[in-house]
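Each of the next two complexes has chain A plus one other chain: chain B in the first, chain C in the second.
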Partner chain A sequence: MASMDIRVGDTARAVSPAALQRTGSQTILTVLTGLAALASFAIIFLILFFLVAYAYPAIRFNGLGFFTSMIWNIGNQYGSGTISRAGFSAQPGASFGALVFIFGTVVTAALTMVVAVPLSLMVALSLVYTVPRRIRPIANALVELMAGVPSVVYGLWGMVVLVPWIGTKLAPWVTTHFGFIPFLGGSAGSGNGLAASVFILALMVIPIMVATTRDVILAQSNSLFEASMALGSTSWQAMTRAVLPSVRGGVVASVLLAFGRALGETMAVLMVCGAAINSFPQNVFGPVNTIAAVIVSQLESALTDASGMAQRSLAELACSLFLITLIINVVARGIMRGADRREGRAA
Partner chain B sequence: MALARGGVAPKTWASRSWWTLSVACLIAVIGLLFSIFAFVISRGFPALKPQLFTTVTQGTAGGLLNAIAGTFLLVAIGLALVIVVGLGTAIWTVEFAPPWAKRVIRFMIDVLAGVPSIVVGYFLYVALVEEAGWGFSLLAGALALAIFMLPYVVRAADVAFSNVPRALREGAVALGARPAMVIFSIDFPWALPGILTGLLVATGIGLGETAPLIYTAGWSNYLPSLAPTHSPVGYLTYVVWTYISQPFPESHQLAYAAAALLMIFVFVTNLLARSFVEYKTNRSR
Partner chain C sequence: MRKTLALAFAALLAAGLLGGGKALAGTSLLETGSTLVYPLMNLWVADYQRAHGDVQITTQGTGSGTGISQAISGVAQIGASDAYMADAQMKNSPMLNIPLAISAQQINYNIPGLNAKHLNLSGPVLAGIYSGAIKFWDDKQIAEMNKGVKLPHNQIVPIHRADGSGDTFIFSQYLSFSTPSWSHGPGYGTTISWPSVSTAVGATGNPGMVQTCQNTPNSIAYIGVSFLDETNKAHLGYAALKNRSGRFVLPTASTIHAAASSLTSKTPSDERISLIFAPGAESYPIINYEYAIVNPQQGDAAKGAELKKFLTWALASNGGQQAKFLNAVHFLPLPEKIVKLSKAQIAKIK
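Up next, the complex of A and B:
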């Protein structure tokens, strides 16, 4: 980069004004491509603008209760009159509390990371070190293919294979034998719930984390590994105590990106989460619900709300999800950029 | 890296068992993957009958022609939008942007890549379907896919344009080529495999998306009408999601068939994308 690099955009500035006249196409090109580049700004701005503007009545109506109440009820559409708060009205009996969904979103995503991070690290290390050179491209292709599988296909497998297995085999077995451990006892449930959501989400984020971790390890030079081996450590020690710490930033960033993905994943979770409304799961097999899933599953009932407050409250949910993922992604990218520079990879 | 294996110290046993565990994890993950593939293929292939491709869905049964046509139409229009905007963004970022703007654009693209698909869907639902009064429509759905595919295309094109050899471009400029000429006769041909890879990855993502379409494209039992607004469009992922929850075996068949088709499409785009990558790496050697 820097001053050595020559860019066509700079050539017009380098040559004389007379030559500039010849290159009227330059101006058109700059303006047209510049407009295209503005699109990403415009999209992010418009998403925020429309969602916040649309949700504004709900934000005022719900107040802080949005984050503290666990009751989501669009109210009685046949009831008489409306209820009104802060100058905005909704159907009688309406309450829009998102606590259950916020809890579900954070807990499923967090538990997913607890399961997926160690597994991804193990898989990535194994891909880098133990898989024979000849098989490695096939293993890599499989991991990338797995990352491309549509989420509804994971959801389909979850609904038809995973959920019945959890409901009839895993959950009864765990609740009878390990019921004394908190959150493992109690009702085995139908299989739809927290455990199934975490299982599916882990399967979906593992390929992302494996691919990134593998890439940052491979980008690291061999000398650290070799130096550590020369000092007498075993290959495992060299890998986990010398090589892995040296790519810490890249790994942490990939974990955060996967966390963001798990928070926002919709379809697969929707199909296996059990669609809890107004209740928290009693154990790890209990039904949950996430913000993304509830936006899809509640739209039809929200459309029946004549006051429109239910739809606006869904927009408030979408805003919250957007802000949460935005913060996590910004932090992740910041760490990734910093780590790339520190750890010597091309940013 | 496969140097210096072996040794007799006791701690090698720890090392060996850890490595064994990591291989076990790898095998477990790949095994699960295979079981998902096997499941979709074994349920989906028997359901893939010729009349699926010639008839439209009727209620809970019928064919998938409307969904297949709708999926391809949505992705094609989304791709057309994304090619114009995405390549424009990449060209401006690489060729014209001052360094600070370059960083800002790349950052915004990263942010956009992290926006959950349902948020994009609900935003377009509010802005286009409701406020602009478009109703569930082809254009709203294609826009949703375009927003979702944009980051992948911009990143791929950005890298591809940035990697065009400097000597080639210096030579062209020294010979008096105008900027447009450098972009279209030097940058584009050289960056094409990288751009195509990005477009194919984006296509795979667009084919498999559901959440942003539910609120924008809606669903239709009929063939897409080609009207840009006020006419809902069917797509394959919707069939997988809704028809598996129906109580009828024939609707389950449709869901499995749609899932198998999606897997095939994703597999093909993935293979094509990889072959472009191979082509690129072979050529640059």
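Up next, the complex of A and C:
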């Protein structure tokens, strides 16, 4: 979401309103675009407002334990009576700790980026500079096709093909031969888990990152690459030292877009993550769970909670996901600004 | 706010349904909920509508929780559920819980070389497996009840439902009723807080359970009897379970029937009762009523009348209870006395 803002902002900066002639149609356009820009803020604000308002009883009931406890228990729906804290009640035995899900969300998304960013940059650069011209349209079409495949299709493939392969081939092989490395040893598990989630997520975000970075590189004039080559650098040096730094803003925007996708992906992850509850993975093959996956898988039961606290706590989970996305965007922009300042560019 | 939202949503949906329904028929009914009941509903509705062209019935497999909440909000006229409503929910919104048929659940496993055999398992052993106390297939407690079977020293992978499910409800009830430590610990519900077991895996829906169990050697799973054809196709083994009398019984028509009849006389007039761990030497321990959750105050007289007609047909021995419908999903018909109780409940619909 915020990565979209960066792109909108860039365009706005490029075309200064003062430079435009003020004609009648121009005024109408200015008002309309202004309203549209305002609407994007208003919509985000309204979503956040209603989410927080709906989650408020859960925020009070759960307190800080929400972020520190790893026990998620909607309580006994068939029990008698209710328990209450801070003036709000829940089913007996209820305890809403999101630590397992927050951990799963951040770790799967972060590991996905570790795998996907270098690969995507290399694919994007090669699509622009090294892939033969004749094959390029086919390769580009394939990338766009991959970006357009619905996530549930990736999930199904993951469940039917990838997970059994990890469970019966990859995981036993890795744990036997590389078990001495931390987080690679121990039980091989069933194949459902962190590794499968990261694999599927990487498959989903790589095409998005390739398509966006490729377009940013293409938008940059070819002169940088050519000048760098003329000065005697190898094509690798020209790409990594001249081209990439010049399109850094666009690359960061595309990374943020992909990160957002990885954080929020629901169905495909739910189908391969092993839906861990109350436990952390013992190694990279262990089951995990993400906020998005747990919201969709627990909603059904939450609906039968007469006290309503299970639904409110799911809304609090949604707020946390919102917050995580926001923090990551702010941090990424901060890093960008810092880098720009160091190099004496205008932020 | 929840009520207003639900009302607004209901109004929107009703407007859509009426708009669409007008072209087709006079009255429209919506059934939504349990995915175990969904295939049966489709068979029922297809047959019923051939004779009753004036009513349009739409079916949806959305899950029991959704079925209950949409029956309460008025979006749906029939909410199908594997579980009866809890007291706390009934207090907020009194609904009729009308049994439609009897279902059961099998305990499936995938142990290379042993799937053709029926292992003997008990509630406490299953509780041990799902709480991580029993880690290997050749554990002393499993070996004790399976003399002569060569059990492998492989780590057990317990698979549970990740989504809310009536299957989790009846499975965890079996563990709760047979094992005090489970009843004081995780307890039972459509979603429970599963004990932390490092090999445990969550799967979504019964198809996901079948798939994961089939793909994972040494796994164990609980799967609704409607999926018997699928589990057979996947060559999964299924267990004989220890019942209240201490006997190990397989899920067959006669053991499911035995369990149902042993609790027929105990079924109260509101029919909210668990059939789990029923008494009787021949009783299979994990069976349940499949319910239609219905609001007794329908508001719309025409809808109420059509709803009563359809539910009455569903309970008739020459209607919905015929073997040609129930056998397709391996459900059993309701005992005569339960049909009577259900009819008395249907009469309350206005």
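Some notes on this structure:
Everything that follows uses one rule, which is that the second predicted complex is superposed on the first by the 280 of 347 C-alpha atoms of A that agree within 3 Å, B and C clash if a C-alpha of one lies under 4 Å from a C-alpha of the other, contacts with A are read in each partner's own complex, and residues count from 1 in each chain.
As a working rule, a contact is a pair of C-beta atoms (placed from the backbone, for glycine too) under 8 Å apart; a residue touches a chain by one contact, two chains touch by 3 or more.
In this text the structure is predicted, and so the values were computed from the model without any measurement.
Here chain B and chain C are compared by how many residues of chain A each touches, and B touches more. Legend: residue contacts after superposition of the two complexes on their common chain; A:Ser151 is shown touching chain B, with no touch to chain C.
When both complexes are overlaid on chain A, the residue A:Ala86 reaches neither chain B nor chain C. In the superposition on chain A, contact of A:Val163 is made with chain C only, not with chain B. Looking at the shared chain after the overlay, A:Ala110 reaches neither chain B nor chain C. In the superposition on chain A, contact of A:Pro287 is made with chain C only, not with chain B.
Looking at the shared chain after the overlay, A:Leu231 reaches neither chain B nor chain C. Of the two partner chains placed around the shared chain by superposition, chain B and chain C are both touched by A:Met271. After overlaying the two complexes on the shared chain, residue contacts for A:Ser187 are found with chain C alone; chain B is out of touch. On chain A, the surface touched by chain B in one complex and the surface touched by chain C in the other have residues 54, 159-160, 270-271, 296, 299 in common.
Of all residues in chain A, only 4-9, 11-12, 22-23, 25-26, 29-30, 32-37, 39-41, 43-44, 46-47, 50-51, 54, 119, 122-123, 125-131, 139, 141-142, 144-146, 148-157, 159-161, 203, 206, 210, 222, 225-226, 229, 234-237, 240, 257, 260, 263-267, 270-271, 292, 295-296, 299, 314-315, 318, 321-322, 325-326, 328-330, 332-333 touch chain B in the complex they form. Taken in their complex, chain C has these residues touching chain A: 1-2, 63-66, 68-69, 85-89, 91-92, 155, 157, 159, 162-165, 187-204, 208, 211-212, 215-217, 219. Those residues of chain B that touch chain A in the complex are listed here as 1-5, 7, 9, 11-12, 14-16, 18-19, 21-23, 25-26, 29-30, 32-33, 35-36, 39-40, 43, 84-89, 91-97, 101, 105, 107-120, 122-123, 126-127, 131, 147, 150-151, 154, 166, 169-170, 173, 178-180, 182-183, 201, 204-205, 207-211, 214-215, 237, 240-241, 244-245, 255-256, 259, 262-263, 266-267, 269-270, 274. Across the complex, chain A meets chain C through its residues 54, 71-74, 76-80, 82, 91, 93, 95, 159-160, 163-164, 167-168, 187, 189-192, 270-271, 274-279, 282, 286-287, 289, 293, 296-304, 306-308.
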